[in-house]
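So, here come the structures, one by one.
In the two complexes that follow, chain A is the common piece, with chain B as its partner first and chain C second.
Up next, the complex of A and B:
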């Protein structure tokens, strides 16, 4: 009898956690819609969300704040899941697309697109970002090699490629200063200019990326095993890895194309999610997505007030929180050994 | 076997990256050589800098500036300038610089300045000037900006007496006083007073053609990713308030980046767009119904003007062009 109560409790806990995070997300979302540069009353907020009236205030919510918040949610979810996948594939808890040159590759491609072909559509820059992200990933893999247990080399190669590609991006920006004044803002990562156009371009990739990740969960589970054990079970570990990398490219490439490389989100969210809900992938993947979206909305809300009434890039917040967290993780790792 | 394969892939990728890096360098190399070729077409002409009136100045000129004092024993003949506004000032004074930091793009000069500029050597970016190239020109005066060139001041001063002015953060009045300092350095103080008087007369005459000055006017640089308002603490913004218009931003920040929501809240009655690049963020914003809520848009008072006239050539020639533009669009 006590046993069944315990299992009941165990089943209830994840549900409550999801519910709590969902409520937190709703609260941040409504705060983001309510407070901003212009004053909006609760009544106007309600009218705007039910699409009554088309005054300035209604339009702020309908055409700017709502798509911005939704974009922040999907970008946060994408980056968090991309981070989780990278950590699974490389079996390195300090791994993330940001540290592994994938975000830097995507940024380089998007900035090159802006400099060399003026007037790219969102979809075009998303595909450019995929190419850049793939280039970054390929470079890292080529430098680190495909032997087993190459985790340290992988991390070193990732950092090296990240800096190489970032320096090329910054070089491009410096050489084209007058055309790229505000690129610095974008390079820190910002959702402040996201409207329905941006959201419309990115959500199909969110849906595809998350669905594909969930469909491939059974294969990804094998990545939690030791390479030799997985191989012994007849798993094609290389193909699983390749699929994982492609998903990371789709998820983080499209996010970077729309909002710039938002630092550390992809690193920290999987860890927080893992420590809250455990390492069972069927629960961990959706929870990571939800938490990532929730945290980016909250960070975006805070970023509005750093230099009020002017916008600050949300990447400042994620980096300020993420940097110390990264050091904490690295120290914890060392103690664990 | 695997290993061999792997190395091949690696070398292929490395070649790819090097090619990429080289192509990036290649494009800049052609830029600078383009700038240089304009100057190499003829020998640098020093005679133009000398003027009959310089004989009137006697004794050495001593000028205090932002980072020290310079002493010029004779009127400088070979002048290198590091900002577009200094070129504007020298051309107004009838002096030709031999070297200009033009961001390796002669198209950034306003037409009126470029016509009179003649041949010069491009010393590259205003932010990263080429010190060796400046030295090879053997200048006898360098005019630099406090914000951009503070860190290289000692190097520049080693090449030639360097006059450091605060141009980047100067508003319209700051620009006028910088003009007087430059005029003094090139021995044309008397002319400069007359030129400023003429300039003020011209501005006043044009000003009278603008009947309705009770308007909020906002100039803004727009590029693919952002909208940068020029408030009354910037050069063009301060000039517009000096003309009698009002600044809708009312903030201490000279170049605040505005979101569409903020722009609609700011609600300028006249909007002058200074595009940098063919496609700018305004193209996206025009699709939003909020764009129609801005007074300037409602009353068809959104005008596109040239960024090089309004924001780069910060000088007498440039500001006269700004008033011409305003009269053209808002005059009777």
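Up next, the complex of A and C:
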């Protein structure tokens, strides 16, 4: 009898967790819509969301806050899944696209695009970001190699590439002094400028990336095993890995092109999700996406208020929270060489 | 013998680069004028040479050698060829306090900025010590803690940048490192630090050799690891802090100079410390010289130039090392 209760509980637990996170997401979404620089009453909020009325306040909600919140959700989900994939591929708990120079590569490409070719469309800058992200990944791979269990070597190589690429980006910005402000904002990672255009450009990539990840889940499962074991089971480990890297580039590249390199979100969300729901991939991947979106909306909400009435980029919040978390993880990794 | 020649060659290169840096810039000074200005005769260009270019060259040499020596110490300490003052967050700590001074106390006199940067480097090191359980962590975890610390300081810098958009260019210039407008007071305030600390670093060469062997080897050879590590870390922070205070957070010098030195002179620190100090000075001078020449009359900040010169070479070196090990 107690046994059956426990299995029932086990089945129920993930469901409750999803429900709870979903409610959390709704709450942060609504508060993000309700509070901000302009005062909006509940009534107006309801009217705006159901598209009745067209006063200034309604327009605030419909054209500024709603796309911004949705973009935050989508970008958060993308970055979190990209982080999870990176950790799976490299089998390195400290891995993330941010630390691996992928984000820095994407931002270098986007900034040089903005500097050298004026008037880029979103799609063009997204593709530039893909190229940059691939470049960053390639550099790190060239530096660190693909040997197994080279946790620290990989992390240090990633950070070296990150420094190189971001110093080049800084150089470009210094030499082109116009439009420094908005570029700085973007460079730290911010969703505050996202309008329907941005959202429209990014959501296809989200859907594609997440669907592809879920379709490839059976192959990714084998990445949890040792290389030799996986090869013994008949998995083409290199192809799986390559697909994973491409997915990471698509997910985080498009996120960076729209919102800038938002720090550390991709690192911490997979860990939190993993400790809450366990390491079973079919549950972990959707939960990571949900949690990532939820946390980025919450961080965006906080970022509106740390220097009220001025906006601050959300990347500052994620770095300030994620940095200490990374320290905690690094201290746990005692035995790593 | 070969090492002696390498040391000598690096020194000669330093002199040549120094001369070229003195000569060229927005105004080119002919060599004849250069000589007589340096010897103290009055020429039309002696003001430029003595008041602008000479202190700038001197600062470049001092800061370059300081950063490179700090890099040697840290690479031996962390036992990882990818360690450097930027990677473990010390430069970012210095950058954060410097940015705080620029933005929060805009009217403060010029000597405050280097002092603040130095304080930031020290603060970053104290935090690092605290978080790494007073150096009982393995060198690898230590490096990762440093990386994260650097990221948190970076977030602080970015917060300041975004909140005070009017001074962004000055801060960006400072953060990527520049020798622009470095006069005698900066050169002279850096001089005693480097002159004292470099020989001290050189005298530690035995410890550096032993630490590279690993914990067991060090203990077996009778070195108490923790005091040695803390002392060396302090040395590296002092070298980095004073250099960064003078020139801003220039990257890659501390990372690649030790590699080049190791390639030429082998892994013994008796030779590596002086050689990489000289190479660091060479690189910084070269970067500054090129940065001034590329788009006259504007300047590419030297930090960008060192990244552009240094990074491809660094990647080449690492690939080579990997192949040799495989």
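Simple rule for what comes next: the second predicted complex is superposed on the first by the 324 of 337 C-alpha atoms of A that agree within 3 Å, B and C clash if a C-alpha of one lies under 4 Å from a C-alpha of the other, contacts with A are read in each partner's own complex, and residues count from 1 in each chain.
One rule holds for everything that comes next: a residue touches a chain if its C-beta (ideal position, glycine included) is under 8 Å from a C-beta of that chain, and two chains touch if they have at least 3 such contacts.
Keep in mind that this is a model prediction, so the values were computed, not measured.
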| item | value |
| --- | --- |
| First, second, both or neither for A:300, with chain B first and chain C second | neither |
| Which superposed partner A:163 touches (first chain B, second chain C, both, neither) | second |
| First (chain B), second (chain C), both or neither touched by A:327 | second |
| Residues of chain A touched, compared between chain B and chain C (which is higher) | C |
| Touching partner for A:195 - first (chain B), second (chain C), both, neither | first |
| Partner chain in contact with A:54 - chain B first, chain C second, else both or neither | first |
| Touching partner for A:174 - first (chain B), second (chain C), both, neither | both |
| Contacts of A:264 with chain B and chain C, given as first, second, both or neither | second |
| Touching partner for A:139 - first (chain B), second (chain C), both, neither | both |
| Which of chain B and chain C A:316 touches, first, second, both or neither | second |
| Touching both chain C and chain B, counted on chain A across the two superposed complexes | 139, 142-143, 145, 164, 168, 171, 174-175, 177, 180-181, 185, 310 |
| Chain B partner contacts - residues on chain A that touch it in the complex | 36-38, 54, 56, 59-60, 63-65, 114, 118-119, 138-139, 142-143, 145-146, 164, 168, 171-172, 174-175, 177-183, 185-186, 192-193, 195, 197, 309-311 |
| Chain B residues within the chain A interface of the complex | 2, 6, 9-10, 13, 17, 20-21, 24, 27-28, 103, 105, 108, 125, 127-128, 221, 223-226, 228, 253, 256-262, 264-265, 276-279, 281, 284, 287-290, 293 |
| Residues of chain A defined as touching chain C within the complex | 94, 99, 139, 142-143, 145, 151-153, 155-157, 159-160, 163-164, 167-168, 170-171, 173-175, 177, 180-181, 184-185, 187-188, 263-264, 307, 310, 312-313, 315-316, 319-320, 322-324, 326-327, 330-331, 333-337 |
| Touch list for chain C against partner chain A, complex | 80, 82-83, 86-87, 131-133, 137-138, 140-141, 143-145, 147-149, 151-152, 154-156, 158-159, 161-163, 165, 168-169, 172-173, 175-176, 251-252, 255, 298, 300-301, 303-304, 307-308, 311, 314-315, 318-319, 322 |
